[in-house]
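Below, each structure is written out as structure tokens.
One chain, subunit A, links the two complexes that follow: it is found with subunit B in the first and with subunit C in the second.
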Partner chain A sequence: MNSEVRSFLEKHDLLGCVQCGRCTGGCPVTARTDLNVRRVIYESIDEKMLDKMSKLPDIWDCTTCSTCAVRCPKGLKPLEVLIGLREVLVESGMVQSTVRDALESVFQEGNPWKKPRATRLDWAEGLEVKIAEPGEKVENLIFVCCTVAYDPKLQDIARNLVKVLNKAGVDYGLVGDGETCCSSEVYNLGEAGLFEMMVEDNTELLKGFAADRMVTISPHCYSTFKNQYPLLKMEIVHYTHLISELLAEGKLALPKEVSKKVVFHDPCYLGKKNNVFEEPRFILKQVPGVEVLEFERKKERSLCCEGGGGKMWVETESRKERLAETRIKDARALGADVLAVACPFCILTLDDALKAKGFEEEMKVADILEILHEAAG
Partner chain B sequence: MKMFVCIKRVPDTSEADVKIDQTGKSVDSSRFSFGINDADNYAVEEAVLIKEARGGEIKFLCIGPKDSDVVIRMSLAKGGESAVRIEDPRINQKDPLQVAKVLAAAIKREQFDLVMTGCMSADDSNMSVGVALAEELGVSHAAMVKSVEILDGKIKVKRELEGGLTEVVEMSLPAVITIQTGINVPRYAPVRGIREAQKKELKVLKLEDLGLAEEEVSEAGSRVELMKLYIPVVASNAEMIQGTPDEKAEIMAVKMVKGGLL
Partner chain C sequence: MGDIFVLAEHRRGELREVSLEMLAAASSVAPQLGGKITAILLGSGVNSFAEKLAGYSDKVLYVDDPLFAEYNSEKYQLALSDLISRYQPELVMVPHTTQGVDMAPALAVELKMPFVADVAGLSFEGGKLQPVRTYYQGKINADFAFKGKPPYLITVRESSFSAGDPSKQGTVEKIASPLKEDIQYRKFVEYIEAVVGDVDISQAEILVAIGRGLREEKNLSMIEDLAKSINAVIAGSRAAIDAGWLPHDRQVGTSGKNVKPKVYIAIGISGAFQHLAGMKAAKTIIAINKDPNAPIFTVADYAIVDDLFKVVPKLTEKLKELRA
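And then the complex of A and B:
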């Protein structure tokens, strides 16, 4: 047994697994794929299997939603074994072209969407925005996220946040066009070398700002900066924390009524990974006219939308119903007018599912900030 | 098998807002993303596949500024031994014949079996450098290659022709081939590999190092003059034909006859 394999076995504590099956029993994607993380853990113990295991298409079905980790009685993180196997494949270079392109784009342009770095702030054109200056004191440093900054369907999330912050008189500043991918998805795609590099570069960049804390729009950025940047000694919060504070302190007025039935979908990277459940619900309850509904599968049991874990760049071969479509059907059955989310990936998957199901006329998918902006008038 | 692969760093203009700059002869590239020329990336992969199957050595050649080093290092991480970057503002990169002359001067200094280029660059799309390079080197060439088979002292390639035809060509080595996209699946260069590739040789040369005189490769000595660049005017003249399917077909047929299309 060589040292590299020993380290894989030790790193993931594979021998600590008691094969109880709580992971597979809760894994949401087993409803539509053959992924069996219990088998993957068992077979990965054999050093000779690692190469073969890394070539299994199944390892790319994992959305890194963390249900397996939440349910594991031994405190293991089965999803990390799958990411570890992806790492073996990435090191060989033989990943699918969509994954290759996303990773090369992060390496060269600082975002996974093959967009020029120079256009990162285009979403803010015509808006009154404050850009933070390195060394100048700012209370809230805003990290926008690559997907929100570049996807025309999502740019309104950033615009709405800025408008709400301006209205509430919040002291904030954007990281600006130097903002570079947090690399949550780089990690999930198994590019450990690039992830280490980005953590180092981003830590250096962000430490240069004299900020009390950093506010992220995406739960993926939030979770990554909070849990995987050991040298970034800065408080990290999600925007739902900041908005909740503003509402609780009476700094943000919501004069307009939004007469809608709204059900909140817990993003995995906010909920299961970081136990943030109450803030989004608190915000929605403050909006006059909003009736807050709840899914049967909520909070720790929330159904993953399949947007994370690098799934934006890896299509699952299964043609069975997508989990996002299941979620949309559940929201419709509840009679919701709005399926509210607080994550850009969730918006993309759930909005696609809404259209695939043909429910656009009766229901919409919206970020909490859209509802908030409407209520703030 | 000693192989040279010519690569170029180009802007990605597929979704970019392209604007002509003040000179009228170039574009404003300040808002572009850059990367290895797509077809060159396939040439890199093909060379690495040949090396993996039969052994050999790969040297990358690139004309361009220091910014090009990133695509050179990424290529080296995939499997090359060394690279040469030619940086000299006197080189007229708008003339493919002059570009070929510069590349040939770098290759001629060494023994070689096979030279590969992408079939075209994404920025100028001349499709000329590869074939001109073969002329400069005095060797055979095949353009738009979709498959490569190495034989004993020879090479057998399939070329993509117009109309969906494929031509099979056998040539003696040394030779130059220009690689069409889709011939393989270019691999990913992991960052750890790129860091490792920092140790590989990357020489930066100027015209004097290549024994070239300025007039041979500068704009003054070019037989190509770029007059101007302009964005084609977008015009719309579509007519939507109404009626039942039979009526539509009749109206369409009359229009085609009158218009001289039938």
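And then the complex of A and C:
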């Protein structure tokens, strides 16, 4: 056994696996694909299998939702084995061209969407925003996220956050056009080298701000900065945390009534990965007129929308119903007017599913910030 | 002195066009260099190639040996280094192909030849040959000068020169194989064909792409009609693929395929961000959608804001007229 393979086995503690199968049993994508996490772990124990395993299309079905890790009785992280196999494939240079393009774009432009860095702040045009200066003391440093900054459908999330913060008189500053991808998806796509480089660069950049804490819009950025940036010592919170604080301290008034039945979909990177369950619900409950509903599959049992884990760049070939569509049907069955989320990827997948199911008239998918902005008047 | 060697390339029983392109390039600089053009051919049962090459060169030197049946960089290097040492040409041209770039650097090191790779043009400055390379996707040309003494080595980019007509009648000389026995440490194993799908949308010049706006699969016939009239390939948004109207490999977008055709006609596609990211590199984008606020119009060169069921049949009719 050579040292590299020994480290794969050791890194993922493969021999700690008791092959109970709870990972596969709980894995949401097994409803659509042949991915069998337990078997992948078993076969990856054999060093000679790694190359072959890395070429299995199945390893790209994983959305890195962490259900397997939450359920593993031995505390292993089966999803990391799949990411590890992607790393083997990336190392061999044989990844899909869409993945290559996204990675190249992160390297060149600091975002995976092939958008010029210079237009990163275009969403803020005409808006009163505060950009943090390096060294300037701000209480809340705001990290917007590439997808929110560039996708015209999602830019409102950033605009709504800024408007709400302005209204509540919060001391904040945006990272600005130097903001660079947190690289959560770079990691999930298996480009460990690029990820390491981005972590170093971002740590250097963000340390330059004299901020007490950083607030992210996307749970993916939140989870990555919080758990995968060991040298970034500032506190990292998701925006639902900041808003909850403002509401609890009476700093944000919500004078307008929003008479809607709202069901909250727990984003995996907020819930399952970081145990943030209460803040989004607390916010929704503060909005006058809102009736908060709950999915049967909620919190750590929440059904993944299939937006993460690099799935924006790798399609699952299965024609079976997308999990986002299942989620939309469930929300509809509850009689919800709004399916509320707090994650840009969730909005993209769920909104597509809403159209696919033809429920656009009856229901909408909205970020919590949209509801909040409406209530704040 | 002043002679030019051109290594001919062949693969699976075909003489490759780049061989003739290099001979044409050699012809264009031979007068200034004041030498003859020699085509070098290594293979097995390649007499007909030798005859053909004679039409474009002053001399053909060829090895006919079963040991050269398939390309092998070690064997090629051995043969070329022997020939170059013996004949001392001024310039050696090797194609900038997977074969050529596999062998040329090692050859340059072995014979200590000044070497310029990926040459797309040849010019002269002060009586000295200067290979030209391109940068920034052809926007900038850079002239190179050789340091040191000839023979010089260049690898020539495919399609950079046009193959001329056969206008010469060179002599054909079969030479003894430099190999006495096969090389054991590097062997040809097999050719692996790229898997070809039904149609590769990333290679299509004209794409007609459909979205959910098409409503039903039966409306696809209308689109097929349009595509046929302009020799276009049909692709689709994720929504159209999800609906089962088209096979998976026709999906345009960051999770499907990134495309950059000359013309992209988006029909009933509102333009999700991932879709736009996958097709905005197209040269000309024509979008048909009844919603004037559809994001697809932010990247479109031509926008038709109307019901696609009205527009497409009329468009097809006009295109057919124009083509008739």
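Please note the rule applied: the second predicted complex is superposed on the first by the 377 of 377 C-alpha atoms of A that agree within 3 Å, B and C clash if a C-alpha of one lies under 4 Å from a C-alpha of the other, contacts with A are read in each partner's own complex, and residues count from 1 in each chain.
Please note the rule applied: a residue touches a chain if its C-beta (ideal position, glycine included) is under 8 Å from a C-beta of that chain, and two chains touch if they have at least 3 such contacts.
Everything numeric in this text was worked out from a predicted model, so none of it was measured.
Trainee: For the combined arrangement obtained by superposing on subunit A, do subunit B and subunit C clash, or do they fit?
Mentor: These partners clash in the superposed model.
Trainee: For A:Ala118, decide between first (touching subunit B), second (touching subunit C), both and neither.
Mentor: A:Ala118: touches subunit B, not subunit C.
Trainee: Given the touch rule stated above, what does A:Gly193 touch, subunit B (first), subunit C (second), both, or neither?
Mentor: It touches subunit B, and subunit C stays clear.
Trainee: Classify the contacts of A:Lys153 with the two partner chains as first (subunit B alone), second (subunit C alone), both, or neither.
Mentor: A:Lys153: touches subunit C, not subunit B.
Trainee: Let me test your reading of the model: by the given contact rule, A:Asp352 touches which partner, first (subunit B), second (subunit C), both or neither?
Mentor: second
Trainee: Please indicate which partner A:Phe107 is in contact with in the superposed arrangement: first for subunit B, second for subunit C, both, or neither.
Mentor: It touches subunit B, and subunit C stays clear.
Trainee: Counting only touches as set out at the top, which of subunit B and subunit C does A:Phe264 meet: first, second, both, neither?
Mentor: Touch status of A:Phe264: no partner.
Trainee: So in the superposed three-chain picture, is A:Ser97 touching just subunit B, just subunit C, both, or none of them (first/second/both/neither)?
Mentor: Both: A:Ser97 reaches subunit B and subunit C.
Trainee: Just subunit B (first), just subunit C (second), both, or neither: which does A:Val314 touch?
Mentor: Only subunit C is touched by A:Val314; subunit B is not.
Trainee: So the two structures are superposed on chain A. Out of 129-137, 183-191, 237-245 or 309-317, which stretch of subunit C collides with subunit B?
Mentor: 129-137
Trainee: Hey, what residues of subunit A end up touching subunit B and subunit C alike?
Mentor: Comparing the two interfaces on subunit A, one with subunit B and one with subunit C, the shared residues are 97, 114.
Trainee: State the interface residues of subunit B toward subunit A in the complex, per the touch definition above.
Mentor: Going by the criterion above, the answer is residues 12, 15-16, 30-35, 70, 74, 78, 185-195.
Trainee: What residues of subunit A sit close enough to touch subunit C in their complex?
Mentor: 97-98, 101-102, 113-114, 147, 150-154, 311-315, 317, 319, 322, 348, 352, 355-356
Trainee: Could you pull out which subunit C residues touch subunit A in their complex?
Mentor: Subunit C residues touching subunit A: 202, 212, 238-239, 242-244, 248, 251, 254-258, 272-274, 277-278, 295, 298.
Trainee: Please name which positions on subunit A make contact with subunit B in the complex.
Mentor: Residues 90-95, 97, 99-100, 103-105, 107-109, 114-119, 191-194, 196-197.
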